[in-house]
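You will see chain A twice below: alongside chain B first, and alongside chain C after that.
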Partner chain A sequence: MASIQLEKVSVSFPVYSASNRSLKNRLIQSATGGQIRADTVSQRISVVEALQDIDLDLRSGDRLGLVGHNGAGKTTLLRVLGGIYEPNCGRVSVEGSTVPLFDIALGMDQESTGYENIVLRGLFLGLTRRQIKARMDEIAEFTELGDFLNLPIRTYSAGMQMRLAFAVSTSVVPDILLLDEGIGAGDAAFLDKARARLKHFTEQVSIIVLSSHSNDLVRNMCNKAVLMEHGRIAQYGPTEEVLDAYEAKHGTYNKDRSKLGGDEAIAGAGIGRL
Partner chain B sequence: MSNPVISSAARVHSIDPLLMLVSFWRHRELILTLVRREVIGRYRGSVLGILWSFFNPLFMLAVYTFVFTVVFQARWSGGGGTKAEFAMLLFVGLILFNLFAECVNRAPSLILGHANYVKKVVFPLEILVPVTLGSAVFHALVSLAVWLVAYLLLFGLPHATLLLLPIVLVPLLLLTLGLSWLLASLGVFLRDVSQVVVILTTTLMFLSPIFYPVSAIPEGYRGFLALNPLAPAIEQARDILFWGRGIDWGSYGMGLIASALIAWLGFAWFQRTRRGFADVL
Partner chain C sequence: MSTTANHGGESPLLLQFRHGLRRDQFDNAIRDIRGGWARRELWMTLAFQDIRRRYRRSKLGPFWITISMGIMVMALGLLYGQIFRQNIHDYLPFLAAGFVIWGLVSTMITDGCQAFIDSDGMIRQLNAPVSIYAYKSIWSNLIIFAHNIWIFFGVALWFGVDLNWNLLWVAPALVVLVANGLWISLFFGLLSARFRDVPLIIGSVVQVFFFITPVIWRPEMLPDRALLLDLNPFYHMVEIVRAPMLGQPANLEHWLAVIAIGVVGWAVTLFFYSAYRWRIAYWV
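Let's look at the complex of A and B:
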């Protein structure tokens, strides 16, 4: 059973000038078990409170959408869930294999061939070589890249690279999937196929946390939503409720936005990267 | 403020020395793939490709040999005095030093250059150091092959003690790993580190017994040489490769223990400070 529990989680970043990095503070911290914060050591260092008192409880089957302004803490929260940031205080308990898909092409190498990159990307996702070999044919077939897979991927178009990255990244089903702005998947002809695969993929995942500025994307994918404001949870509940409140607050801006990007977002059914 | 309590396997950065080995084993496929990519990637697209791994040490060797034997008229003390002998002895020292210097010089920018691995995925950052070491070892092996061929041509069959080489290299590899972990972490917080390291490795090249044997150093200074961790490795490698002497197990054991300790300390430092990487990158 996959689950995510956050209790009173706070994350803050000391902001350092280029010449004053945090090694000293880091050492003091590790010596004292993290009690002394940079701000108490030196008053000159300002601190950004990226997340404050976040409580969250997610169970299998939950699809959570994170909405809010730029800088509201959406990405920071995702990174905490992915284990990339450590909270300054509070409790984080994540059970289940977690895959943060913030950059589906991460680890791919421009000079290596398509096949080599499937292996490389797969290893980055935590697969063993044998597991990748077993999936190789299926992935290669899905990309429709044929003989191109024997060429270095720098010869690919951006869309072709995206297909490859998409195909590999959706070939492993984790318990918990963390997404920042959905997953892009290349040209229109490929979109139907990608949509079906993505649907199949996301259905198998126990918990999805998605951060997005596209309200339609959140509506399509999520059954719960969190509205973030200044590092705090402003509202938590069913998607419709939260989004209605969000749109009411920032009415015109978001309506315009969803009109502009709306068609693609709906066509993408959770795929479009806006 | 309460202490953060975190329960997820990926987040515990233990400093357990056993974890070094576990991490190696668990990520062996990733390490091997990345090493391969590094070795091939460096010369990908160049006409001569991997042959540069041959030419590079060969050219350096020619230059050093010329400068020291022809210009400076240096003779290897305790040897027969030929240029060939000087070149072969110098080459051994150079191969080991390059192995060390390549890793250590690159270490400070290792994490900096892979900021995405820190901020966008949960990546076993500690393996970046073994990956660099792996590619450096590959280049050292190529150089050693060149050395062997030269030895066969100039001196005939090599000594059987040659087979001890992997054992001799272990302390050097451990030392390199430990220092690289330390520098990789320091480089994130303090960008001056990479500048300092380049100066230090250049200094170390002349202060290590590469162009001369330890015995050429006046008694008064030899105590300082004992502080140089490269010296015993280079001397031992020359003993087994060229002079056909065995290993002095007493001093070898001491070196092994010391370098294992350095490896672990470097690893522990890396594990302790890595939480801070995401804050400053």
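Let's look at the complex of A and C:
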């Protein structure tokens, strides 16, 4: 059973200016002691509180949408869930295999062939070579790239690279899937196929957390939503409620956004921007 | 997102330290290092790919590593052989062995500093143990070493060096070197991620050590084996590999020194790695 529990989680980033980051300055500071102290006080490292007091409890079957302005802490929260950022305080307990798919092309190498990149992407997703070999045919067939898979992917078009990344990334079903702005995939003819696969893929995942600016995408995919503001959870509840409140609060700006999002998101299966 | 100054008078580094220095953080650090080893297929592939990318579409590919090392050894060997009035038959194999090992040791350190900094994009997107980047840096240096070592064997065969059973000592010596390389990567990688001057400092220190370590000159050339030698960690590291390559077992003191460096280094590294490992993703 997959589950995610966050208790009073806070994350803060110290902002190091270039001068702050150098060892010389630190040494000089301590060497000259009291003299510069007045200066160092005013030069205190400022801290950005990216997340404050986040409580969250997700169980199997939950589809959570994260909405909010840029810099509201959505991505930071996803990274905390993925175990990339460990919080300064609070408790995180995540049960189940987790795959963050922030960039489905992460780790792809332009000089390597399609097949090599399938292996590479698979390793990134936590598969072993043996497991990848077992899936190779299925993945290769799905991409419809045929002999192109023997060429370096720098010869591919952007859409072809996307197909490849999409095919591999959706070949492993994790317990918990973390998405930033959904998953994009290739051209129109490929889309039907991709949509079916993505539907099948997302249905098998126990918990999905999706951060998006497209309200329609969140509506289609999620049964719960969190509205983030200034690193805090401003509202948490059923998707409709939260989105209505969000749209009401930010008026026309967000209506436009959601229209835009409607074009970006491919309705139904929840494929995000391309 | 709100911005606040750090109140309370305590530096954030100290606060982080206190947060990190707990029993469970130590367990996490160990788990991170173990988990990194478990992902070896990933970092081995990444290391290979890095090297391949460096030499992509060149005719000879990674053999340029071998060739440039060969040219270097030849040029230095002929020049310094003359300067030091050495018998070329002994001197060139000595230089080739020393140079190849020096290459391994020094790049393990300088690349180790960059281990986390260079992988910032991946660290922020991939939920893998961060130690994989240290392993990766060590592995790519071992691959390069595997290319370079042929220069030594070429020179050794040409000048008829006595390659005997002592050569087997090279294997355990490399294991000990790599074990040292790993703590060096973790420790200096961590330190460099926070303080960006560290790689530059380390770089110039390593450069100085190249000249005060007997790589191009023999230890015997130094009158009454000064303290300069015994206190030089690089000397011991080079010697445990070089001596068996030249047909002699290394002195026990060199082995003890390198093992001691490893034990102390690992202790310090585990301490800092427990305390600050969780901050790496924030620093890079």
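The rule we apply is simple: the second predicted complex is superposed on the first by the 244 of 274 C-alpha atoms of A that agree within 3 Å, B and C clash if a C-alpha of one lies under 4 Å from a C-alpha of the other, contacts with A are read in each partner's own complex, and residues count from 1 in each chain.
As a convention for this text, a residue touches a chain if its C-beta (ideal position, glycine included) is under 8 Å from a C-beta of that chain, and two chains touch if they have at least 3 such contacts.
Fair warning: this is a prediction, and the values are worked out from it, not measured in the lab.
**Student:** Following the overlay on chain A, give me a clash-or-fit verdict for chain B and chain C.
**Tutor:** clash
**Student:** Could you look at A:T128 and tell me whether it touches chain B, chain C, both or neither (first, second, both, neither)?
**Tutor:** Once the two structures are laid over each other on A, A:T128 reaches both partners.
**Student:** Return first, second, both or neither, reflecting whether A:E111 touches chain B, chain C, both chains, or no partner chain.
**Tutor:** The answer is both, since A:E111 touches chain B and chain C.
**Student:** Which partner does A:V92 contact after superposing on A: first (chain B), second (chain C), both, neither?
**Tutor:** A:V92 sits against chain B, while chain C stays out of touch.
**Student:** Would you sort A:G231 into first (chain B), second (chain C), both or neither based on which partner it touches?
**Tutor:** second
**Student:** Could you list which residues of chain A make contact with chain B in one structure and with chain C in the other?
**Tutor:** Correct list for chain A: 13-14, 21-23, 26, 79, 82-86, 88-89, 98, 100, 102-103, 106-107, 109, 111-112, 119-120, 123-124, 128-129.
**Student:** Looking at the complex, which residues from chain A come into contact with chain B?
**Tutor:** 13-14, 16, 18, 21-23, 26-27, 30, 33-35, 37, 79, 82-95, 98, 100, 102-103, 106-107, 109, 111-112, 116, 119-120, 123-124, 128-129
**Student:** Write out the stretch or stretches of chain B touching chain A in their complex.
**Tutor:** 1-8, 10-11, 29-30, 33, 37, 41, 44-45, 116-123, 186, 188-191, 272-273, 275-276, 278-280
**Student:** In the complex of these two chains, what residues of chain C are touching chain A?
**Tutor:** 1-6, 11-12, 15-16, 19, 39, 41-42, 45, 49, 52-53, 56, 121-128, 194-198, 201, 278, 281-282
**Student:** Contact residues on chain A for chain C in the complex?
**Tutor:** Within the complex, chain A contacts chain C at residues 13-15, 21-24, 26, 44-50, 71-73, 79, 82-86, 88-89, 98-100, 102-103, 106-107, 109, 111-112, 119-120, 123-124, 126, 128-129, 230-231.
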